[in-house]
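Both of the next two complexes hold subunit A, though its partner changes from subunit B to subunit C.
Let's look at the complex of A and B:
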């Protein structure tokens, strides 16, 4: 393993470091959330609006709740929504991409659907779906999950078509290989890296959009921990000088989104045949 | 309001300050009516109608005084009010206000389907140029409240457009109303009252933040502020906390679960149908802590729907309070924690309910969270649940809800607790029914005078054996009364101030004609 690391190209080393960071951060937050009560820290009239201290490293909010616990829980909520939405979007993209590669009519339909979804402002589309689904947690997951597939669909569709039209696939066919064998030995190795990279890249967008939805009040009920809700509440607190209510959760959201985004970027580069090694 | 127009407004309004003794006033207190300024559609129910004059008005101590009326009396059968009008009242278009206008207004309000509920009125008749008879279907002493809130409109010019172009005999006339932005009014030159020193009064609507910014730039003289930010008043302004009966409490469903309303919403809740649970909630909550949590301490503990008003009965307060008293109440009623999970149960039923609050209201959210926290150590689990008002309309017959009321008129007490209002609108969604309370409420409405009705209102709350209050059925757990906080210019003398009803903002304008500018 050590030998592999030292011998690896800079791209692969990057990938390992960034991947370790992102997965570690996500795992720590999810485990922390498992150990904490799901409704978050209790309200307390005695500890309202306290600045950061040893007892409350991130301070407390106007209802006396510990912001460190609340931020951890909120980030975990964001990650869960982000993961679920990324899985949903990736699944949709894979189905669409493969369908487009297999049939001319399906290709047309997928093309139109992709253009349609990309033509609408993304957040407006999320709002529409979340509202139609009745808001709340279900609305957030559906809204975020059903709107992040178009870009990955485009990539997969193009990739699948290129592979399907290549000489070696034609040779395989000529040698009598069936479509399942071709999909297994030619399509899968080309598409899998794209799918993994796409999945990881969707995740930070989904996290940010979840926060956005809750911020405008269409998402998670306001007493449950969520970064969007915390940031919306913090607008008032900021006027009163309570900066810690906004800074720590905002930084946390940025860190999670950024580390995963950089991991995804490294994955994408590694999957790129002109540059990578995968 | 758009930032640019706000800026332009701030600049244009701040310029005249330097030159005039009593400047035009700018108020950012919210309270823009959705339906316009038509008293028949409900304008003026809370606070005052501003453009229109009323027959009676409530003084700062809430006693009734004549406004348009110079004399008013109730017949011996308590069915007919005879009101004599002053002879110098004129509408802002110069035409005199006569008994015909009064009769027209009351009859129209009776027939209209707005907020103003005057179904008790049989007929209003003008019996002379300045005398009116108001005949009721049955005795109802709280009709005096309607005499004090219903603004009189002119019969000759009242029409569908009236709400946008009100003409009244009140202290002010409308100059301009730009919906969502501002309302400009000027003194009504034909008003019979004393001179008003302010050439114009502008009400700025829109986001709270815009009002705060106006205050900080010195462009507004009165701004309604959220309690959490009230203490940091800008230079040249002081903080004013006006006590109110703007209360918040937990409404409990009273029936056991089962049954549905005509709209299909479920009725009843097996847990809150048990009086011991409701009393335990009342005992377990720490109202001082709730005040600190929800309104930064700017308020007063609430124990009933009308704390401090003449029809409130302080005798209904529980003597034993605190978590230990709540535990004792629950244990005595058979709620015990046999399985040791920290949650009491009785006959297989766990002491657990949802506590619904409107998701858009941060004060009620804080109260729901605070109550849930206080109930944990006594073995009751309340699960806070933020919903939209539409959803609350469907949930409120079967789940406890954080509601708020507060009025200068005891008819609200009637509506909250009379069985006739069970399941009707927002008043008694918990289906509270107690024949003894109904009898006291009916007796109060049938009283000869308002003063004579007071003992019956109090008896409905607690008459020594039963009542809607905490010692009796504990139909609500009242939590807090919210102070209304304002920033007021140091130069403005507001005179005596009323205890305000539900609704922050507009009620402060009640004394507007008497305000004085004290700076040179």
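Let's look at the complex of A and C:
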């Protein structure tokens, strides 16, 4: 897809900068989570409810745990859940999109399913699936993963249909090329960039919804680090004026979602052959 | 060589072709004209086996057009932009049906430095030549030129025809020139016809 990455065009430069930021942030958080003790920072009676300081840049919570470490661990959990859910959603979108493009009845069914999934309130559907799957980590991944495919499915279905009906595919057929060759040489190069961009754009949604689910208690179990759990815990601390317990984890979540979202947008623009790299 | 018998075809209840018959001899140049929507392009696609007609049949040397492998009848569509994959390099486009024909490339003035470019990086006239060149292959016996110069300026169009006609003659290639431009058809084609009311009549 990205044949020769040079700094030639602003689209490419944008893609490099945003991609570097997003991948760097995700990599740093995942590595930090590996280096840190999985049970999180130690409980300490001596350092309860401390505001931000040099020793604890994000402050400490009511159990004396360092919020910077908790935030990093929680973000890493969110990223892992987000990755699994985004992979699941993308896989569903690819299967549905290709099925819709290759068969008329499948196209009808996928169309109805897509409209239905888009028509239902998003979060309610996630809640239902997560609840039905028994909550916990698997519930979040299934809930988020099975609700984020419709937009990408639409994009892939349209793109696949456009390619299949194009003059250049007709020319290739006339020159003796079979359906497998056409799928490999015409369809795949058009769909792959859309799939990559779609995956990256689903990811921030998945991360935010994971936090939402955990916040209402249907997501990550409370003993594991998660932004949703931290924010739910922080409600009482906020009443007591301990703002740092909510502000830093919340900002961290927003930052991760925003950086990846901007990377996805840059990818999508670069995927358009009339605008970016081919 | 190529013949069509009583071709009928319509869209959404509207009959566009109502019994078109024609015969094309090897190396012949046939002009087909007609107003917009008269069915010129539909007929072109049917003759190249791209569209299955609702009635009648296309014969190639006595039987139907081959189902697989390169088709002896190639259809060059109007817009070279639509007829070339925007993600393919010119080299890949030219090699689509097999190794490109060096003689055809030279005759059509395709320069080696185009090979690494994408279709969007060529002018309309240049891309039209690339689009045609890949269809001129040993297997190709008929080239259907469907308004191939309609989107070009007069000069680029003249250059293209001046390169294509001697090449077609040298290869013994039959041409069907589909164009709304009667002057162009008369200049190129030995026999000129017009599609009116779904039938093909001598012009």
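Operating definition for what follows: the second predicted complex is superposed on the first by the 270 of 278 C-alpha atoms of A that agree within 3 Å, B and C clash if a C-alpha of one lies under 4 Å from a C-alpha of the other, contacts with A are read in each partner's own complex, and residues count from 1 in each chain.
Just so it is clear, a residue touches a chain if its C-beta (ideal position, glycine included) is under 8 Å from a C-beta of that chain, and two chains touch if they have at least 3 such contacts.
This one's a predicted model, so the numbers in the text were calculated from it and none came from an experiment.
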Touched partner set for A:189, first subunit B, second subunit C, both or neither: second
Which superposed partner A:179 touches (first subunit B, second subunit C, both, neither): neither
Touching partner for A:171 - first (subunit B), second (subunit C), both, neither: second
Which of subunit B and subunit C A:38 touches, first, second, both or neither: neither
Touching partner for A:51 - first (subunit B), second (subunit C), both, neither: neither
Touching partner for A:217 - first (subunit B), second (subunit C), both, neither: first
Subunit A residues contacted in one complex by subunit B, in the other by subunit C: none
Footprint of subunit A on subunit B - complex, ascending: 209, 212, 226, 228-229, 232, 286, 288-290, 292-293, 359-360, 362, 365-366, 368-370, 373, 376, 384-386
Subunit C - residues contacting subunit A, complex: 48-50, 68-71, 74-75, 77, 79, 82-88, 96-97, 118, 120, 131, 134-135, 137
Residue ranges of subunit A in contact with subunit B within the complex: 39, 42-46, 48, 62-64, 217, 221-223, 233, 236, 239-240
Contacting residues of subunit A [partner subunit C, same complex]: 166-168, 170-178, 185-186, 189-190, 273-274, 278
